[in-house]
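Same chain, two partners: chain A is paired with chain B first, then with chain C.
Then we have the complex of A and B:
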């Protein structure tokens, strides 16, 4: 909206008129039903969470202090929270992209799982550790992207061939992938470390050092890895694709009216298949980054709800990539704080789940009022 | 396989299928009326927890069952309000409720049981129909089940009759097929759908209670572990018809029972593959490999009276 500002600044300098316009736009944005309802939902859920903490008999002040310490207390804590946010943001971006075509990808958890498995397999047995130019971790990440894309693509194929609702298929694929990880670390023929003695844990070997994601800060005490840069680049790329590219237009057309989109010559099947596969690829990349950037060892259940959190982040974002980043940071810090709260103040981190659930339910319910407001 | 092992397999298949049979019957009623409850999982988990706490606190499993069923109803009411009155996205709100319930029950479980975790909880008694009990080999293994199974079967039969032969059943299905017609006939679509979702809550309440105080006599965090989603898959598998849906539930139950059966028979199959089997079967089913599914036309679409 370059020309949408009435120049009522009364002969002020162009710079200050621009500032006023920006201020007005900010005020309008802040007053929009979406922003108000999102803020209200978060405030309500956090208040309910605090009340629950009080109900458990814990000192609320102590719990909050432990929370803040775990989320922001040290450079290490901040880096860990941002690393968490990176994975959540990737899942969320994939969700938003598919959502543009009116497709709901609930498969983040499974896509993370297969991505992490593929990355581990490539890092341990792909012979990549000796490769130069960062190929030692780029190739495992690529494997993760492909695995996730394939997993998401299955839902696309089922939708196109059999009309299967992608919510059901991606959800079932989540459970299948989670158990595939379990199987892969239980079986020595797959990814389990060699059983040298009876207490060998059912998990993979640690991946070789060259395949671990480089740490940006160079300081192991601040383990911020390059997944952050990768996610930032991808966020910008997808934001541009969604708002400016032909593919973005196709997604929107298919989402708004499949029949009209088909009549306009857009390949419905191609767009739906691509959207679900790309969303899956983002989930797979998130899994690869979690494995190569933080965990280094594949264990059963390593995805630990990140896919569902990423889904919530995508929902909260209401279609905007910027919203995904804000939501991912919020949830990343929420998770870190919740873990510390459980360890230090003995408040179960399930409080965080309650807060997340309340946010989703409240926001989805509040759409009733924001809809009628925007229509007016 | 010996006859004894086969009888045990049939018996455990049925036992493992019970929560699915009950909850998917409830979900079928609601989906016939046009409302999808992804929160089925949450309703079951709420009931499993409340029934366990109720039975433990009162020492009476019957009271536990009543508390379990009663606890699922507010969750269903919340879903009904979100789906019908606020006309919110049914899938999103359902998943939100599941996250909320998982957090709330985990939190409450730690508060209530704390260090006493894994404590045995008074459970429901077993019963076998007279006569069938004395069938050689199969009698005890197959027919001696928690009495709630037989009570649940009666409810399922009643549902079948109501759906097929009564005006309520016809109006219910019409709400899912063409709600405007129901509205024109002077019936309230929203009210029927509220009733249908509450019935789902009732059935999920029985199913969840069965899990904790019928089957294993304890509560574990997140113990439904996807059973609610499997029940929804069974409804799709069954093409929104009661008979095939129940068949799908039995199939999923049998697939789960194989986990325990095959090792007992000395067959070495990775455990994970067997745990995965019901989900793979469900995926194959919803993937149209057992014939094309036709959902109720108005499924997940909120009703708004035009003009």
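Then we have the complex of A and C:
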């Protein structure tokens, strides 16, 4: 294991400082093949990205500074990155839950879209703005959850009744939902703001203030909203459901051997339907949070790839909710930095997408490498 | 053969293989001579399959060496082993179902343009040389298990191997097919190739083996150059128990075929006594039509009394699977009724049937009887996991405790209740599945489909002891098996299934063997 050597040397320095059992555990973790290969994969992808930036003719130093500034440079930047990570994490958690039943939900994008639409409709026209006790935003969020759950549930029904593979159905439902958003903001009969003159943009009205998600910090300059808390609670809840609950066992049983599970009296249809609906509900919640927490106005294309990024986060987490959170934070900061890099250093944000793609491919390759090493 | 008399074709010296803490093979010394049928005998988990997999290059040894025809044999993988002249037929076949026999045989062997006609002629030539009947143009999906196995053997023989390894080839075969296979083994060794035959069945050893090596716990515990004279010694070496104590069922073919007397351990109940019993389960005029429209079961009527073992004989594919699905609640019959303990349960779900006291040991325990990736405890309670849930959360401690009790009661041996099910030997997996089904509350009816397939002598004995004990406590048992001798030894009466219909019924007596065999072939 060539990569193990330098890291062990680094561990030696730590030993003199600490020396407690916990230190040893950390060193072992840091020297584990998974951590080393993950770090190597990220380092490789970042190096390749920097090379690409140099090739575009931009100043690498300036681009990196802009990236760091955009991701971590200010309290505002950090809050925006975390908000972004929150949405990704929700989609990723839903993905991991369905994945436990061996179902691949690639419908995050569409579930975000319908969630955002439902939240907008409820916030603008549901008469909730005057409600007390936070119901003014809880009800629109609930609408988003239900809409996303419905969207995921459609894939479940199609799978159970017609045998349609959920990869196909959720992907196609993505496109339907994305164009439903387009339609709804084009038509005044739906969610488009009243056309007062010819230049009225095809988007919804801004949602009323009481329906916006409260900001944790209380400071509009640091727009960290309560979606973070909600996502953290749900992450813990789902981690417990997956590892400790009867439903978690059913998911595993159906995922590992549907025939044996069915024979043992576990309802295959119920589990598959519930798994896809719950995964969809998480996507819908992500959409609701994006709309009520940051965007406030429904626009065509507002989901802008979050669903697919969330899918990647879920894939890379390989079944672990903790992995989802780590991946979501990573992608959240990466995207924020990338956007700033484009604005300030004129580096095409496509480069960031390329880096992101490289990380996914190298991580997958690294995972394969560690697995084949440990199997040998 | 002619090559320097008895110089071994394959020699194993101190061969050792570990999987984690488990020593699967411990310093094995073994010599296979050219032109011999060498039987490997041993219980499940004795290391037979591991040994074959080392020779075939699936795994590589941790210590020791293999010498093939005088030079070191270190195959990098199965393909490499094949190039060196070692071919193997696994228990699970590797054929592509939707393709024809010839296309399967050409896979990986031909490149460029395919010359099917020419290749088919070569296949037929090899097949007839060794007396193997294979239809070259047939689709593999349409072949019986026995035919598929013959295709696998032809696939090996086309490479003109020096050593042919057959891993438990007879476990899935009918009596006539077994005869044919053993004849093929003799023909193959006559051509100078050596055959390694893994088996549990003593009758086969008597008939075909030139030499026998017995493995137990990863070690060689006995070797015999005159197996047919040493059978008792070999069996004792294999299971470390006296042959006399084994039930007639264990001896299978040998007992039933060699003696007309009833040597079974349990009392025979004449068929006439059956109607007097309380009824455990009844199927009335059941009809099953598959999605393609073919009738799989027609007017199937059978009553199973409580405390009775009814054997269902028949060649596989005559409706056994469909009957099993009806009984397990996976298929709703197109017509007919299914009654358990006087209650009509036609069309009930698996969960409702479990509640009604129906236990099912499915035919294919690997595919549908268990979830190999989950723990032993989860598998033991798969059909009632909810019992251990409190407000949705699993009480794993209670589950593990109860699993422990069940494991002790049914003698399921594993590292512990939390061990992965896939780490258990075949016999212990089957005992675990039985433990789950036999411990159903208020069990009244048990379907056991091929419960001993692939199990060794010791495990077969324990499985039938468990089934017999359930029966003695009043459970009605329907036993489906393709091994007629096993049915004769264990069941009270035998019903024959042919093309989805009941062909007839006979008392389970060795004297009825011919009559039942004729019914299985469709002659009433």
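We adopt the following convention: the second predicted complex is superposed on the first by the 322 of 376 C-alpha atoms of A that agree within 3 Å, B and C clash if a C-alpha of one lies under 4 Å from a C-alpha of the other, contacts with A are read in each partner's own complex, and residues count from 1 in each chain.
One rule holds in what follows: a residue touches a chain if its C-beta (ideal position, glycine included) is under 8 Å from a C-beta of that chain, and two chains touch if they have at least 3 such contacts.
The shown structure was predicted, so the numbers you read here are calculated from the model rather than taken from an experiment.
A.B. asks: Look at where chain B and chain C land on chain A after superposing the complexes, then choose clash or fit.
C.D. replies: clash
A.B. asks: Looking at chain A, does chain B or chain C touch a larger number of its residues?
C.D. replies: Residues of chain A touched, chain B against chain C: more for B.
A.B. asks: Taking the superposition on A as described, I'd like to know which of chain B and chain C A:171 touches: first, second, both or neither.
C.D. replies: First partner only.
A.B. asks: Can A:106 be said to touch chain B (first), chain C (second), both, or neither?
C.D. replies: It touches chain B, and chain C stays clear.
A.B. asks: Applying the touch criterion given at the start, work out whether A:317 contacts chain B, chain C, both or neither, answering first, second, both or neither.
C.D. replies: neither
A.B. asks: Which holds for A:358: it touches chain B only (first), chain C only (second), both, or neither?
C.D. replies: So A:358 only meets chain B here.
A.B. asks: A:180 contacts which: chain B (first), chain C (second), both, neither?
C.D. replies: It touches chain B, and chain C stays clear.
A.B. asks: Using the superposition on chain A described above, determine whether A:245 touches chain B (first), chain C (second), both, or neither.
C.D. replies: It touches chain C, and chain B stays clear.
A.B. asks: Show me the residue ranges of chain A that touch chain C in the complex, using the header's touch definition.
C.D. replies: Contact set of chain A toward chain C: 240-241, 244-250, 252-253, 256-257, 259-267.
A.B. asks: Within the complex, which stretch of chain B touches chain A?
C.D. replies: Chain B reaches chain A through residues 38, 78, 82, 86-89, 91-93, 95-104, 106-107, 110-111, 226, 229, 232-233, 236, 270-273, 275-276, 279-280, 282-283, 286-289, 292-293.
A.B. asks: Considering only the defined contacts, which chain C positions touch chain A in the complex?
C.D. replies: Interface residues on the chain C side: 328, 330, 349-351, 354, 360, 362, 367-374, 378, 382-386, 388-389, 392-394, 396.
A.B. asks: Going by the contact rule set out above, which residues of chain A touch chain B in the complex?
C.D. replies: Residue list for chain A touching chain B: 52, 56, 104, 106, 158, 161-165, 167-169, 171-173, 175-176, 179-180, 182-183, 186-187, 308, 311-312, 315, 348, 350-361, 364-365, 367-368.
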